[in-house]
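The following pair of complexes shares a single chain, subunit A, combined with subunit B in the former and subunit C in the latter.
Coming up: the complex of A and B.
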């Protein structure tokens, strides 16, 4: 930044203009497809609107109605329940897989590919398969597996008690993206740390808890934060595999927003609920941010300069 | 004397002992890795296996991994029960358009952020990073209203056009990649009389091929499997996509799981092929993106 600058030199001005030409597509998209819709959404959330007529301004009535809505409470409970299951389990699974493919395995690239595959190709077709795997009959693959241990059969997606854990179970096989990110972090842990610990006679567990975990904690923090933001809004599996059922047992906030907007045409209420979801995500992200000071370790040399 | 001798002896035996432990550990690790691998692959195998069974094998007999007889006709039956050819063409059109637009626009914007000096660059880059944290669900309803007001419902525009404006995550990924390319290349090109556009297109785009392939693959998966986008915006049957087709199929033939699995295999197959063709590029691409938290 100490570079000597000729103010307003011609070349500088040209570069300035070109810089904005290059970022223009994103800049335009940011204003037209993110900022404007969000502001517009505030206006919708303050009105009563069935999409056909004119929106009628009603102040905070939508928010007040939602506050007393039994369904919203059910959906909020289910959302937090599923996130509380999904985020720790999927983070642990991703880290476990990363540790596994970071160890001295033969044909490690094959394993890496196999663990990564479901997360990349995941979509409605994979959900169809999982619905069939979790079939409540004895012929469902999941029940056959339980049968090997003399357990089951469970009703999985068709039972109020198991619908949420069943969906999380499927999601645990879609953690390949997290695995790759953890793997990159593991490869960045300096080998010398392990070597000196070995000389001091540290056990594998000590090395994991005292070296690996602190060194990858910034990645862990990133993963958990993005997990919270992403998962609280996620409802694809709930929509396709259970439809929120049975008896609203897998109804999450994202799905309720969808229903309000595109099934019941209560646009104002749906927009208001999406802002409530936004607020809930913010609260959990901030809690996580404050909590992270206790467990995220930044190397002194980097001075917390992580991005 | 004896004490030191025994410690020497202990030291001498230690490597052999450690070797044995290491060998056992290694075997256990491989068993764990293979076991997990089988579980991860099982859904795909089960899907193909089910798709080749007949109704009787599906519900009455004890389930077998390898169906006997194999009913390859299931595929033809599933394919012909809905206009799947139409859906495939529609989906391909949307997917290819999205890939082309996304790769070019993200590469373009990333070049600006990585290589140009302009006022407020770091501020805008901060905004870009922050925009990744914004929950997208708030945008869904206003976007629908906006496209509706523009008269774009039941067209592919709402599904394709947003790709022309780049996506924050891919721009970030490509920028990290571009930062690793030596500046001397730009300078040499400038001296040879290249403009910014030429540097971007002729030098930087080819050099970021690995990262661009990553972007292309993820865009492919996103567009091919997109379910809610087409569900919101497409209403006429002739315009629908494979993901929607599969949903319709589930509604109409839901009790015939063998046909549903055959249809699912058909939808999944292109994803698998793209994954296999490109996986060596994009695992590297993601790992290099500097996503260290």
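Coming up: the complex of A and C.
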């Protein structure tokens, strides 16, 4: 038996070959559909390319041009503004819902399904529905609701001041996926910790802040990090619901990249802006990783002392 | 064992026969044709293609359709990858012709000089591009329909208020004066729900150019290297459009408007600037009597209206250009355009395919007295800059002269220079 486990044995070699065969589809996908386009986009970012002709090398001109482009600054501001509003609110909403459905009520599965439902509906359909809800006229559902209290009507998506908060408001109703992840984390918090705390007379708030939050902090870290990465790249709602307007008030970097590539035939500039976006996401992710040492609690890292 | 060999042998023979079938079918020349269509249009277009295939037994046309929103990005990706269809409905003529992906059709037309006789001449010229702007130079496509900017009006509403219908004597001032008479809070809730006029939902460059022509200028310079919106004519035009909402309040503000078509269809508007293609929508959905009139004249010039048509073209990389040319001629033929007009109300680019309705008569007059707008590749990006500042004039109610400063004009001109 020992002989069979030696490195370089026939069985091990066969196992290795099978291993490579099994991961080949993924490797092929990674090299052909991710790594190659990424490397190719570096070349494009240094070129003047209208997509339909041949790329012409122009050095760093695209990057320099973007640095002075007012729309890039507007889009960057809007992207950060919306991410700063969206990520805390959506994370809090997902956690709040997870806490609500993490109970032992009889019909709790119905609530879980209802809250998760928007996440399985086509994004485009939801956006069309929300465009109607946020219709700025008095016939919009949101304005009808405000009208019951003698408020509004608000211009929502058609207003420079309200376009970004309106889009974030819609996204707050699409947190079903995050809710499920938080629910799984909450289920993993040992019940004994809460029982001990209750014996010590801890309040519900103390239990939440001193037990729940630290115990689910790795999940929180995952959600926030993935949220930042995903949100910086996301532009579907802005594209469909506002087109980046009015007056560029909801123009985000992803949408600007799309426009440069497919509306203005400036693929080189779009590739350059994509790399700038990549750099920005990388910076935010590194800040997150460094900051996480202070607030993320990994049970496994300290498990030895506690057991 | 023998029986197994027999079965295997039979399978091999069947496989060879089956694989040979496409080869037999390949005796026909396959022409791929790409266009954007609604579901209703697709039904009619499939009938048209089936008829073409019947009339041309040696050609098989394969129709590839997309929704409008996906069409352009899909096509430019296909063109870039070398997998684009042979015949294309052209959504962006200056870009595609300018970047050399469309076949020049003049040699084909030279073989059949009478071919262009039956079309509106200006609509045919809208398929030309000389490297600077649309309207002159080599021919890149044949128009399968025609269109122009027009003023739609609700006849029933005009009758109810006892106001004469719009005609060619109207000016921008008449429009404002008459439009104000229709503004009404129908249900008395303090919010106006009936307006006199609406302009296109997205401020199109063609529309702003049209109004600027009424003030004696154009949006772009002749050489397409600079934008003239900062001139007196440009600022006056922008201010006139903004004042329709902000000063005269005959047009709904951004907050008060839904889709342009929708508000007119619901009977909440007396008049609506739109392109003639909306004919098919209003014909189907509007429950009141409506008609069209020429766009009123500006204070400086009787400007006419921009004229254009959707054109079909041949992919320069196509291997079956002669068959593709046959399809092009068929798609733009009188019978096919008449069928589209009768079944979908899509205005034809051949006068003979029309009818004697008021709509077609007024459209014909407007096309004949109109002009070709003359788009060019950099216009989209430059317009995007203008559009965002245009919003500021309307939303923030700032004077156009304070928004379109020399800094903004420089930004627009920079986009034009790319």
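Quick note on the criterion: the second predicted complex is superposed on the first by the 291 of 307 C-alpha atoms of A that agree within 3 Å, B and C clash if a C-alpha of one lies under 4 Å from a C-alpha of the other, contacts with A are read in each partner's own complex, and residues count from 1 in each chain.
Operating definition for what follows: a contact is a pair of C-beta atoms (placed from the backbone, for glycine too) under 8 Å apart; a residue touches a chain by one contact, two chains touch by 3 or more.
Since the structure is predicted, the reported quantities are computational estimates derived from the model, not experimental observations.
Superposition of the two structures on subunit A leads subunit B and subunit C into a clash. Once the two complexes are overlaid on the shared chain, A:137 sits against subunit B and subunit C alike. Residue contacts after overlaying the shared chain place A:84 against neither subunit B nor subunit C. Touched residues of subunit A were counted for both subunit B and subunit C, and B has more of them. In the superposed model, A:40 makes contact with subunit B only, not with subunit C. Using the contact criterion defined above for the overlaid structures, shared-chain residue A:51 touches subunit B and also reaches subunit C. Of the two partner chains placed around the shared chain by superposition, neither subunit B nor subunit C is touched by A:287. When the two complexes are overlaid on their common chain A, residue A:266 makes contact with subunit C while staying clear of subunit B. After overlaying the two complexes on the shared chain, residue contacts for A:153 are found with subunit C alone; subunit B is out of touch. In the superposition on chain A, A:245 makes contact with subunit C only, while subunit B stays out of contact range. Looking at the shared chain after the overlay, A:70 reaches subunit C, while subunit B stays out of its contact range.
Clashing C-alpha atoms with subunit B appear in just one stretch of subunit C from the list 76-84, 148-156, 220-228 or 346-354: 76-84.
Residues 51, 135, 137, 139, 262 of subunit A contact both subunit B in one complex and subunit C in the other. Residues of subunit A that touch subunit C in their complex: 50-53, 70-71, 135-139, 153, 155, 158-160, 243, 245-248, 251, 259, 262-266.
Subunit C makes touch with subunit A in their complex at residues 72-73, 76-77, 79-80, 95-96, 99-101, 189, 191, 193, 202, 254-258, 377, 380-381, 384-385, 387-389, 391-392, 395-396, 411, 418.
By the touch criterion stated above, subunit A contacts subunit B in their complex at residues 12, 15-23, 25-30, 32-34, 36-38, 40-41, 44, 51, 97, 100-101, 103-106, 110-118, 120-126, 128-130, 132-133, 135, 137, 139, 141, 144, 173, 177, 180-181, 183-185, 187-188, 218-223, 225, 229, 232-233, 236, 239-240, 254, 257-258, 261-262, 267, 270-271, 274-275, 277-278, 281, 285, 306-307. The part of subunit B that touches subunit A in the complex is made up of residues 26, 29-30, 32-33, 36-37, 39-44, 46-47, 50, 58-59, 62-63, 105, 108-109, 111-113, 116-119, 121, 124, 127-129, 131, 133-146, 148, 162, 164-166, 168, 171, 196, 200, 217-218, 221, 224-225, 227-228, 232, 243, 246-247, 250, 257, 260-261, 264-265, 267-268, 271-272, 275, 279, 283, 286-288, 291-293.
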